[in-house]
Each structure stands twice: as structure tokens, then as C-alpha cells.
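Two complexes are shown next, each including chain A; its partner changes from chain B in the first to chain C in the second.
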Partner chain A sequence: MRDTLYLAWRYLRYHRIKTAILIASITLIIYLPVGLNVLVGQSAAELTARAEATPLLVGARGSALELVLNSLYFEADSPEQMRYAEVSRVANSGLADPIPLYVRFRSREYPIVGTTLEYFDFRKLRFASGRAMAVLGECVLGARAAHALKVGPGDSIVSSPESVFDLVGSYPLRMKVVGVLEPSYTADDLAVFADLKTVWVIEGLGHGHQDLASPEADSAVLAREGNTITANAAVVQYNEITSENIESFHFHGDLAQHPISALFAVPHDDKSQVLLMGRYQGKDEPSQIVRPRDVMNELLETILTVRSYVVAAILIVALATLATAALVFLLSLRLRRREIMTMVKIGGSRSSIASLLLSEIVVVLASGVVLAGGLTLLTGRFGSAAIRTFLLS
Partner chain B sequence: MSELRVSRALQLGMLVLGFGWLACSQQTGDATPTVTEQAVPLAVYVVNYPLQYFAERIGGEHVNVSFPAPQGVDPAYWSPDPETVAAYQEADVILLNGASYARWVGRASLPYAKLVDTSASFRERLIPLEGTVTHQHGPTGEHAHVGFAFTSWLDPTLAAEQARAIAQAFTRVRPEHEADFRAQLAGLETDLRALDARLATAAARLENTPLLLSHPVYQYLVRYYGLNARSLHLEPDEPPDPSTWRELQELLAEYPARWMLWEAPPLPETARTLRKLGVESRVIDPCGNVAAEGDFLMIMQRNAAELESVAPAASSASGS
Partner chain C sequence: MIRIANLEFRYREGEFQLRVPELDVARGETVAVVGPSGCGKTTLLNLIAGISLPGCGRVLTNGVEVSGLDDPARRDFRVQHVGLVFQEFELLEHLSVLDNILLPYRISPALQLDPSVRERAVALAGRVGIGDKLGRYATRLSQGERQRAAVCRALIAQPELLLADEPTGNLDPANKGRVLEILFDFAKGSGATLLTVTHDHDVVEHFDRIIDFKTFYGSAAAR
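== the complex of A and B ==
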């Protein structure tokens, strides 16, 4: 047997280019469908991991997919807004802890996520440097956003106008960076986190300006009638919140009526989850509650259907390649007729010659299988990291 | 020799497989240790001294109450620096007075789940502040920075409601100590009821006696006990200017008050001038911050004694 294997090895080594091509073809034939399957499975897991970790999402009625993509991945257009009062509603239900989100504005291409401190604990985000925001006008950056913007604690970033033609819209707000998060390989890495109230300031719902009752503001006052002061456009409004002017910042109207884009509801237990979902089932209910996992699974089902077509196509190609490989072996036998005759003449039995030829085929096939197996294992091990890197870059 | 090469090639293949298997089988275990939190006292942060007193009375040994405002400042207008806000963020429970008290809270990032608005149960009974400036600029239209009178604890019945909110908050976080919290709350409520009875008696003896208030901070006391009082804007540590004295004389002509209630003892010169106008000074300390001596209840009892000292004189004055 050893002699047969030795002769097979010498033959394959002599025809190394042909052997290498055959092994590479067989490796790819096996690896492509199997590896793709593993990779797609991991991509699906990566995509759904964030949805799995978010039990319930409350938003205004509208597209559930848009709501999930905006709230979990900070992608897609802003969904319909709802009132901040919804946060109190969930909290007062005693069934879940609310974490509000307001994802609407950006600093360059990075989404500004207005939320509360609970978000960091909920997502298990840790600080690489600095601290969480403490007062109005402070922000915390995800790892990749900080790297791309080349800023760290102590630096500043500016919110971008929603449109270049937004002449009467909100002023850009200069925010102080007070912390940078460790990489989490999620959408959080590309986000700029600020307190919800800071985002309301960006929107113009809260602002700071000169004290209109002070003599310094006389040039900006059009009229004073009793306790009513009317100012003109010359009133100085602050576009940066500093320790000197923070006292002048204030919000207009009832905070409960201010907008948010969604809220995470973290139920206390399974029963609370069911009860809370039940409370949003009314026909006249202006808000919807969704399980992000269900919404993402629905989306993935569509993607997986496409995958099955791709796998089918690869299998057809694989069959064609295997047929070609068989043809190569058969043609090779014809070309080696004189060699086989020589082996017969020097006393080689039919079984020895057959086992020699079979050994060559088995070694080529086994090498292909082993290499494909190794590649699949490596895909399984490092695929997730590669997906995180490539999906986020 | 050649056999050796075959063998080496096979060994190499096995090695690649082995590494692949090892790499695949590696697991990142998240061995987070479980910490028993029950033995550690609750870290409680408050925004004024009355809440600190209530929290310490109710929580006892189960809480560790912090009130970082420095002595001598009015916590209603104090603003903590970002580092102090960060300390508030780390608390287990943050007790707010509500009623627009401590406006810095509205400008800070505090964890929603830890905030306890102790006046939430009587929100509709809060007293809106008068004389708010309304202004208009930009496209948002006319608006005013409205607020509420915030010394709610000067009405002992509201103080008791705030104390109950604190007990509920503690029980929610540490249900295993519910019995202790209840018992200690009951003791505090008894003290507040006794204070209420004493103040009510003094207020009843005042009948409709006109009183001047140096500052608009006694709204809840005035409302609950039905006092006949008018507020001024005088600071105990600043002498009133001549125009203020003129306005006061004009007021006294139509509103013959003989007593003025101050947040703190007025300057001797101010007290003397007032006495010449027939107005005696008395101190009713709102006790928003930690006092130099005595606790909240002692200061409230002292306030009651001050009111009682007005009451007999008022009775005799009305009798003559």
C-alpha cells in the first residue's frame, strides 16, 4: 500500500501544476456553497444580534422596518415622531423601563443619537476615555466616529443643518466631546451620543439667549409692555453651551410634548412584555410596539431566499466542474496508456495499477476536501469579525 | 526518504486541521462575577436639605444620603459642576423636589430610572409663580419661562406626601427593608403632624393679621394656614435702598402690617428702621440648605415658635 501511495505521490508531484489546478477546483467547489452558507448565517446572526438584544421598540405608527432600522442601526429616514410623554406612559405602566431615542440630526455623516444615560448600560457600552455626558451641550462619540473625526475628550464637534437650504432652521450647535466609547463593532461605533435635551436644543426647541430684561439687550428689544418683552432678530442666541451661558438655556412649552423618534421598552419579565404589547393593540392607538427580532427576521427571510438561489447556482457550477474533473482523469488515463502498459510488462498486476490510479484520484479529492474544510473552519472563526469590519467600514 | 515526505505532508494536513478546529472551538466566556448589592447602603443624592432629612429619617442605616450643595448657598439656584453631576449619575436614587426646584436638573443628564419627583403626587396643587416675564423672538412666538413656588415642605401635609414618595422609592429599590422604611416613615409623619398642629394653632390665633414677607418663598405656608400676607423682595443681608423704603411706607399706609417674616435675621440697621415704621422682624427659615445648627424638625419648631411669638401680640393688638 505504501508503494502504491508513494508512486501516486511521485506522479502527482511530477504533474504538480495539473494537480494544483485540480485540487484548487475541488476546494472551491466544496468551499463556495458551504462557506457562503456559513458566512450568510453569521451575517444574519450579526444583523439579528442587535435586534435580539432589544426586546421591545415603541414608535409612532408607520413602517415597522423603518422604525427598527432607524432606532437600531441609525439608518433609514427618520420615522414619524412621537411625544416624549410616551416615555412616562411606559415608565408609569410599571411593566418596563423606557429608554428614549431621538435619531434625526447628524454631525457630518455621523448620526446624533439623543438618548438618556441608560442607553450605555443597556448596550453594555464602555468608555475608552472620558465620561458620559453630564450637562447640556456635551456628547460622547462611538469609537469609529471619534477616529474618523479625529476628536477626543475636550474637542468639539458641530451638528449639521438638515438641509443646505435650511436658512430659517435650527442653528448648528457646537457640542463638547466628553467621552469616547470602546469599539463595539455595532452601529454605536459610528454614532454621536448626546442627551435628549441637547438634541432638542439642536432642533431649536430649547435655546439660550441674552437676558432680555437686562440693559445689555436693549438694542434687541422692540417693545416692553408690562411683563411682555418683544425682541427682534438682533437678540444674541448662543450656538455653543458653555459654563458661562448654560444658565440661560431653557425649553419652551411642555417637555412631555417634545418629539422623540422611538423608545426601547425593557420589560421586567415575560409577562410584563405581553401585557405591555397588549396595551398598544387598540385601533385608535397612535403608537405601535414591535419586537425588533420579528421585524429583522422578516427582512432576513427575504435575503435568505436570494441566498438559496445563489447556492443553487453554485451547486450547478460545482456539478459542471466535477464533470470536467472526471473528464480530466479519463483523458489522463488515455494519455497514460503507454505508462500503464509499461507497468503491466514489468509485472504490475491489474489490481495494483487500478489502486495506483485510484490513489491519485483519492489524494487529489481528499486534499480538496481538507483544504475546503480548513477554509470553512477559518470562515467560521473569523467570519464574524470580518463582517463587523466590512459592514461598518 | 520519499515515504518520509508523504508522511510529513499528511502530518502538515492534520496540523492545519487541528489548528482550524482549535480556532473554531475557542470560546470567549463572559465570567461576570455576581455581586451581592443588598448589604451595601443605597446611594441617595438629593437636591435640598429637607429631602436629605426625610431620606435619612426614612432610610436609616439602609441609605447613604449625599447633598453636595455647599453650605450657605440656596440650593434652588445652585448649579453643580460636571464632576458633581457625574456623582449624581452614579447614585441609586436621586430625589428631586419637583416644582421647578433646582433648575440645573433640567440642564443635566441624569438617569431617568433613578429620578424620583417627590412632589409628583400633588403636581396639580403646585402654586404657579406670578410676575413671569413673557418674551417673544424668532419664529417660536410668545413664550414665558414659567415656574412654580418650590418651598413645598413648608406645608407639613405636602412635606408628608414628599416623605411618602421617598419611602415608596426606597421600597421599590430595596423591598427587603420595607418594614423598616414604613416604621421610620410613620415616625416622621407623627413629627410632621405635631408640627402641623402647632403651626395651625399659631395661625388660627393670628386670625387675619396682616403680615409682610421679605421674600416670596412662603407661598405654601400662607396658602395652607390661610395667612394674610404680602411678599416683598428684600434680602436679609442687603440694606434696602431709599426707593424700597418709600414703597414700603406707601404699602404700610394701605396695608398696616406690624410684622415682617424673614428667611434669615435682617441686618440690625434694617431691623431698626423697620421698628421705627412699627414693623417687628421675625425669622421663618425655609431651611432649604443645611443650617448651622439644628436639624430640619428643630428649625421648623423654631419657626413655629416665631409664629407663636407673633400670635399673642397680634391677638392683643386686635383686642385693643
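== the complex of A and C ==
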């Protein structure tokens, strides 16, 4: 057997280009479906991991998928808004702790996530440098966002206008970076976190301007009637919140009516979860409550169906490739007829010659299988990181 | 060494027919078989080696009726007792010279490859002047060197019978003489029988006996 394998090895080595092409073909036809399976499995795990870690999500009625993608991955368009009063409703129910989210604005391509400090504990986010936001106008950056924007604690970033053509829209707000998070390899790495009120300021629901009661503001005053001062367009509005002007920032109207895009509800126990879900089942209920895991699983089922079609297509190609490889081998037998006849004439045994030819096929097939196995292992080992990078990019 | 009686052979296709009423070759004898192309010289070698089987008659090689053996036994007999040299050398292009010489040991369980065989291969190659080319692929050798490598492969198992089919047909005069010298040296040195098919009338005078296929058998060997 050793001699047979040796001769097979010598043949394959001599015809190394043909051998390499055959091995590469076999490697690919094995690796493509298997590796795809592994990658899709890992992608599914990556996608669902964040959903699994988010027990309940409350948002306005509408697309549950849009709500989940916006709230968990800060992707998709901003869903229908709901009122901040919903946060009090959940808190007052005594069934869950609410964490509000308002994901609507961006700083360049990075989403500004208006939330509370509980979010960092909930997502187990740690600070690489700096601290959490403490006052209006401060923000914390995810690791990749900070790296891409080349900013750190002490620097500033500016919110982007929703539309450059909206002349009456809100002015960009310059925010002070006070902290940068450690990488978490999730959507949080690309986010800009700010206090909910800071985001309302970006929206124009809160603002700061020069004191109209002071004599310096006379040119900006149209009329004074008792305690009411009417200002004209010359009034200076602040687009940066500083220690000097923070006192001038104020919100008009009832804060409970201010918008948020969603809220995480962290139930105290399983029973609380069921009870809370029950409270959102009414027909006239303007809000919906979803389990992100269920929504993502539904999405993944669609992806997995597509995968099965892709795998089926690859298998058909694989069969065609194997048939071609078999044809190549049979043709090479014809080309090697003289070589085989020489061995027969010399006295080579039928079994030795057959073993030799079989060994060549086995070595090629085994090499393909081993390489495909190695690639699959590498995919398993590094696939997750690649997927994270891909998903985050 | 070789005894043929009432041999008849016909290929399945075509009208060629070989008849050899009687042929005896003694042990240690060197015989040249000459004759026109297509008269059956190579077929005769194949029958003696057991590569082809006669339609009727007997072929005894080294006292064994080869035609009576089954296929595996005939292969074993051939690799152990018969050395074959071909006009086209028939070296395997993907093997080195040494591996080509050792090929019979690698493709037959009837022979055991051990260090002494390797030593013998190296010595043989050295004796025929290709000792420094053992690691080269056969395709990198000159015509004369290839035939010398092929001769080494035929001799490696120390056969009692050496069958050579026009071994000098593709060689220049210098290499022709060298290859013949090697074959004769081995035959004389080991007492092996040498049966060579040749078209070359310059070389036949070196043999103990010349069989002119056409005249020797007269009408017996005919198409």
C-alpha cells in the first residue's frame, strides 16, 4: 500500500497544476454549501443575539420589523413616534423597568440615540475613556464611531440636519463628547448616545436663546406687554449648550407629550412579562409590544428559505462539477493507457494498478475534503468577526 | 529455457495469424529474431512472456507452461522471471530514473522492495552510466540514457529470461553499442537467456543464434 500511495503521490506531484485545479474544484464544491451553512448560522446567531437580549419592545403601532431594526440595530427609517408618557405608563405598571429610545437624528452617518443612563447597564456597555453624559448637550460615542470621527472626550460633534432643504428645520446642535465606549461588536459601536432631552433640543422642542429681558436684547424685541415679551427673528439662539448658556435652555409644553421612538421594557419576571404583554393587546391600543426575538426569527425564516434555494443551486453545480471531474479522470485514463499497459506488461498486478489509480482519486478527494474542512473551521472561527464587521459596515 | 510447440495465434480482429511449429531456446543462449515488419516477432515475445495467450499449442518458459496459468499467476511469473525491454523505452514520465528502475517492485506484491534492491538499482545505474541521473525525471534524459534506464528496469529483478523488442531501434550507433553491451554483459554474467527482436543487421552477428522469422519458419509464419 505504501508503494501504491508513493506512486500516486509522484503522479499527482508531477501533474501539480492539474491536481491543484481538481483539488480546488472539489474544495469549493464541498466548502460552498457547508461554509454558507455555517455563515448563515452564525449570521442568524449574530442577528438574534441582540434580539435575545432584549426581552420586550414597546413602540407605536406599525411595522414590528421596522420597530425592531430601528430600536435594536439603529437601522431602517424611524418608526411612528409615541409619547414619552408611555415610559411612565410602563414604570407605573410595576411590571417592568422602561428604557426610552429616540432614534431619529444622525451625526454624519452615525445614529444619535437618545436614551437614559440605564441603557448602558442594560447593554453591559463599558467606558474605554471618559464618562457617561451628565448634563444637556453631552454625548457618548461607540468605539467605531469615535474611531471613524477621530474624536474623544473633550471634542465636539455636530448633529446633521434631517434635510438640507428644510430651511425652517432645527439648527444642528454641537454636542460635547464626554465618553467613548469599549467595542461591543454590536450596533452600539456605531452610535452616538445622548440624553433624551438633548435629542429633543436637536429636534427643536427645547431651545436656549439670549435673555430677552436684558437690555442687550432690545434689538431682538418686538413688543413687551407685562410679562410677555415678543421677539423678532434677530434673537440669538444657541446651537451649543455650554455652562454659560445651559440655564437658558428650556422646553415648551408637556414633556410627557414629547416623542420617543420606542422603549425597552425589562420585566421583573416571567409573570410580569406576560401581564405587560396582555396590557397591549387591546384593539384600541395605540402602541404595540413585541418580543424582538420573535420578530427576528420571523425575518430569519425568510432568509433561511432563501438559503435552502441557494444551497440547492450549489448542490446542482457541485454534481455537475463532480461529473466533469469524473469525465476528466476517465479521459486521463485513456491518455494513460500506454502507461497502464507498460505496467501490465512488466507484470504489475491488477490490484496494484487499480489501487494506484484509485489512490490518486482518493488523495485528490481527501485533499479537497480536508481543505474544505479547514476552510469551514476557519469560517467557524473567524466568521463571526467577519459578519460583525460586515453588519456594522 | 523456451520451448514452443504447435503454436497458433490469431488476433480477434484482422487476418494476421502466427504459426510456430517448434522453437527451442536453451538457457543462457542469446538469440536474435529478425524478419520484416508485421511478421509476428513482437507477438512471439508477448506469447513467451504470457502477455498474450495462444489459440492452440504450448509455450513453456523456464519450464512453466505460461499459457496454462491464470492472469494473476502470469503477471507474477513475468515480474519474477522475465525482463522486458521495449523499443520506445516505456518509462513513466512522472517518475524519477530510480523510481522507474524500481517500478516492478512497486507494482507487484510478488517482489519485495528492500534496501538491497535499492543498492542494486543504484549499482546497475552506475554500471550503465546514468548513476548521476537517478533523481531526474525520465523525460529529462537523452534517448540513449532512457534506453539504459529501461534496461536497468528490465534487469532489476534479476530475470532468467530477457526479452528485448528492438531495443536499439531508436538509438544512435554509440548508444546502440552500449545498450547491447549491457544486455550481453548481464546475460553472460548471470546465465540469463536473451531473446531480442531486431531489424538491425549490424547487431545480429553478436548473438549465438539468429532466427530469420521469414525463412526459418518458411510458410509456417505467415500472414
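Simple rule for what comes next: the second predicted complex is superposed on the first by the 393 of 393 C-alpha atoms of A that agree within 3 Å, B and C clash if a C-alpha of one lies under 4 Å from a C-alpha of the other, contacts with A are read in each partner's own complex, and residues count from 1 in each chain.
Here is the rule we use: contacts are C-beta pairs under 8 Å (C-beta built on N, C-alpha and C of every residue); 3 or more make two chains touch, one makes a residue touch a chain.
None of these values were measured; they are calculated from a predicted model.
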item: Chain B versus chain C as contact partner of A:373, first or second or both or neither; value: first
item: First, second, both or neither for A:343, with chain B first and chain C second; value: second
item: Contact breadth on chain A, by residue count: chain C or chain B; value: B
item: First, second, both or neither for A:6, with chain B first and chain C second; value: both
item: Contacts of A:16 with chain B and chain C, given as first, second, both or neither; value: neither
item: Partner chain(s) touched by A:356 [first = chain B, second = chain C, both, neither]; value: second
item: Contacts of A:116 with chain B and chain C, given as first, second, both or neither; value: first
item: Those residues of chain A which chain B touches in one complex and chain C touches in the other; value: 6, 10
item: In the complex with chain A, residue positions of chain B that touch it; value: 2-3, 5-6, 9, 13, 16-17, 20-21, 23-24, 26, 79, 81-83, 85-86, 89, 103, 106-113, 131-140, 142-145
item: Residues of chain A that touch chain C when the two form their complex; value: 3-4, 6-7, 10-11, 13-15, 338-339, 342-353, 356
item: Residues of chain C defined as touching chain A within the complex; value: 49, 51, 71-72, 75-80, 82, 84, 86, 90, 92-96, 99, 103-110, 113, 137, 153
item: Interfacial residue positions of chain A with respect to chain B in the complex; value: 2, 5-6, 9-10, 87, 91, 97-100, 116-118, 131-136, 138, 168, 178, 195, 197, 204, 209, 212-213, 220, 227-233, 235, 237, 243, 246-247, 249-253, 367, 370, 373-374, 377-378, 380-382
